[in-house]
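Both complexes below contain chain A, partnered by chain B and then by chain C.
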Partner chain A sequence: MGWTSLIPMAGDEVGYHAPGVQSFHYTDPGWTFFAQGSWLNTWINKSTLQALIAAILVIVFWLVASRKLKIVPTKGQFFSEYVYDFVRNGIARDILGPDYRRYTGYLVGLFSFLLINNWFGETFIFMYPTFSNIGYAYALAIMTWVIYIGAGIARHGFGKFMKKSLLPPGVPPYLWILIIPLEFLSNFITRPITLALRLFANLFAGHLVVLVFVVGGWFLMTYPSQSAATEMNLGYNIAGVISIVFSFAILALELFIGALQAYIFTVLTAQYVHSSLADDH
Partner chain B sequence: MTLMELNGSINMIGYGIATLGPAIGVGWIFASVINGTARNPETRGAMMSTAFIGFAVVEALAIIGIALAFVLG
Partner chain C sequence: MLVTLASSPAELLGPLWPHQWSEFIVGVVLMLIIWIVVAKKVVPAFEKMYAERSDQIAGGIERAEKAQAEAEASKQEYQQLLAEARQEAAKIREDAKNEGARIKSDMREQAEADAARIVAQAHAQVEAERSQVVHQLRNEVGGMALTLSGRIVGESLDNDDRARRTVDRFLSELESQGSVHS
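Let's look at the complex of A and B:
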């Protein structure tokens, strides 16, 4: 043994299982709500339910918030107006310019949906960010992709939009063979992929860091009971407690990251719509 | 005698090294925004939106890196 007895988490096949990709797969019976093997069980899992709950929350919140608006706002109206103004003035109007009203609805919905889903990662009961499953991030990115390309085609017509997005002005003809594939790759493929992967990677990594501290801290805190070893070690237990306490700091950081990623996704959506609407490249 | 056995994909170490470039890039972008804001606070809004575009482009490298680290792993 030698070394391994000095390292509580190494070479211990009984107790410690390092968190990894498999921690994001909810296939245990404890995490599903329907009978094993039924189609509901394969289609509805924890993240699907979270996305549905978040969608319902967003719809209900904005429906309630937009009814009975008063000139002197109540506390609730003040809050919802603050969020709405943040997206409308801070993102939509700043980036999209004069024709921002058309896209404000999508941007507000997108921002609040992302914010709620990202903060599910730090909310008790849920404790799992929906977008750490990449499919959900892809879905939102595809929606944004359809909207910014649709906006460009609706504004300029298909041919002119393609010409505008594939050919920057002032490129000499002998470079077209190089520029056109590059611009196509950048505008139509890399953009949605990076949009989705940025959201996914940040939340996945953040949740994984939390898991490392919580699972590892829990293992160390209850040290001899979950491993093959029998002797006590107070140092491990203290390290475990510190690690659990530190995980709260990581969770606080994740709250910030979740809000930041929601903001960046919304800003980039607005930016892409703006770049397809713009007259000059 | 085996002292310690590590398993997993070495791609992740490669990805860790690969994040250095984008990290420096993102750092420079926001450092420049801070500098610019300190010199002329009124232009903060314009600089922030440009900074976020630059941030997105630079971070795309790190994102492509993590995708490749998973795909090739």
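Let's look at the complex of A and C:
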């Protein structure tokens, strides 16, 4: 009996597969609409379907909500108004001031799309946050990037916007060589990357933690049925139950983090647009 | 070093390199569609409703202000009416007082006049009675004197003009003496 038998999850090649990056890849869902191996079949995977469903949900929700708006709100309208106001007043108007109207559409859509996709990580059937695939996070970050740069150029013209973005007022000329690359890096490169990474990493890590507790907990709870080992171990089974129970707390935390990340992404988008529109740096 | 270890960006970046670039494209396309729908359909509907709502609230405030102004005006009117009524009441009271005083003085005057009239009447009556008594007395005294002097003289002087004249003269003298004495 080697030392590895004390650690049920290590060196057990038969039963336990530790959750990892490969847990996020659903390239081949196992069922196919399209020919196996065709590009459509590899494209349409779980995350794509989730993104599609989320987009449909967002669009349907807002179209239904905006259909018969009453001055005195009904119960349903009260809810949709609450969400709309949360973004419109709490984010767009607070940060953008009088320019908020133009960007409210993007911010409302962005927030609701992010929120639904993030909460898919804790929803039955889905149980998988779409944005734990960094491709989607990059997509939204690039859109925000285009929007805030476009807003700046539309407001100030290309030359003035670049000067404003790259050269804060009051910098002495001998520091220009230092400041201009730094400002370029921070305003045009780091911003979208940090946006995407923050979103992705939070959801990726959160989902990974949930997987560890659930997969590991299940393995321990049913030990040794999934293992090469044969002897019973009550301690492992109890630890497995505790781990499964604890995973519910982690799921609740993930709900909160999902909402928080949707909020942060939206707030930062508004913030970047504001800094592009602002007259002084 | 890294380059020799990682043969592709996917190996180098791990989960930071999109597993499939289709995810990126799908993300952009979906977000674009959501953006267009929300910005074109949803935001205008909500903003229109908000504008109507704030209009209605502003209208409500305006109506309330108008009502308040009306109330203020009617209050002033009421107060003015009240003041007028008070003034009028004071005037009526004053008039009544004056009238009362006038009536009182009128009545006093009348009473005085009545009293004077009654006194005068009484005076006149007394005078008339006195003159009547005097006249009667004179006749009786004259008669008695004639009778007495007739008895003394022994002849009747009843139908005698001279005797009458004598009696009258005597009485006149008596009267003038009385008036001197009295």
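Keep this in mind: the second predicted complex is superposed on the first by the 271 of 281 C-alpha atoms of A that agree within 3 Å, B and C clash if a C-alpha of one lies under 4 Å from a C-alpha of the other, contacts with A are read in each partner's own complex, and residues count from 1 in each chain.
To be clear about the criterion, a contact is a pair of C-beta atoms (placed from the backbone, for glycine too) under 8 Å apart; a residue touches a chain by one contact, two chains touch by 3 or more.
In this text the structure is predicted, and so the values were computed from the model without any measurement.
Participant: Which partner does A:262 contact after superposing on A: first (chain B), second (chain C), both, neither?
Facilitator: After superposing on A, A:262 lies clear of both chain B and chain C.
Participant: Looking only at contacts as defined up top, I'd like to know whether chain B or chain C touches more of chain A.
Facilitator: Looking at chain A, the partner in contact with more of its residues is C.
Participant: Per the contact definition in the header, classify A:197: touching chain B only (first), chain C only (second), both, or neither.
Facilitator: Both partners.
Participant: Does the superposition put A:24 against chain B (first), chain C (second), both, or neither?
Facilitator: Only chain C is touched by A:24; chain B is not.
Participant: For A:221, using the defined touch cut-off, is the partner it touches chain B, chain C, both, or neither? Pick first, second, both or neither.
Facilitator: neither
Participant: Which of the two partners, first being chain B and second being chain C, lies in contact with A:273: first, second, both, or neither?
Facilitator: After superposition on chain A, A:273 lies in contact with neither partner.
Participant: Could you list which residues of chain A make contact with chain B in one structure and with chain C in the other?
Facilitator: Residues common to the chain A contacts of chain C and of chain B are 197, listed in rising order.
Participant: Which residues of chain C touch chain A in their complex?
Facilitator: Going by the criterion above, the answer is residues 14-28, 30-35, 37-43, 45-49, 52-53, 56.
Participant: Inside the complex, what are the residues of chain A that reach chain B?
Facilitator: 2-4, 7, 10-11, 94-95, 190, 193-194, 197-198, 201, 264, 267-268, 271
Participant: Name, in rising order, each residue of chain A that touches chain C in their complex.
Facilitator: 21, 24-25, 27, 42-43, 45, 47-48, 51-52, 54-55, 58-59, 62-63, 65-67, 69-71, 81, 84, 88, 101, 104-106, 108-110, 112-113, 133-140, 142-143, 197, 200, 204
Participant: Can you name the residues of chain B that touch chain A in the complex?
Facilitator: The contact residues of chain B facing chain A are 1, 3-5, 45, 49, 52-53, 55-56, 59-60, 62-64, 66-67.
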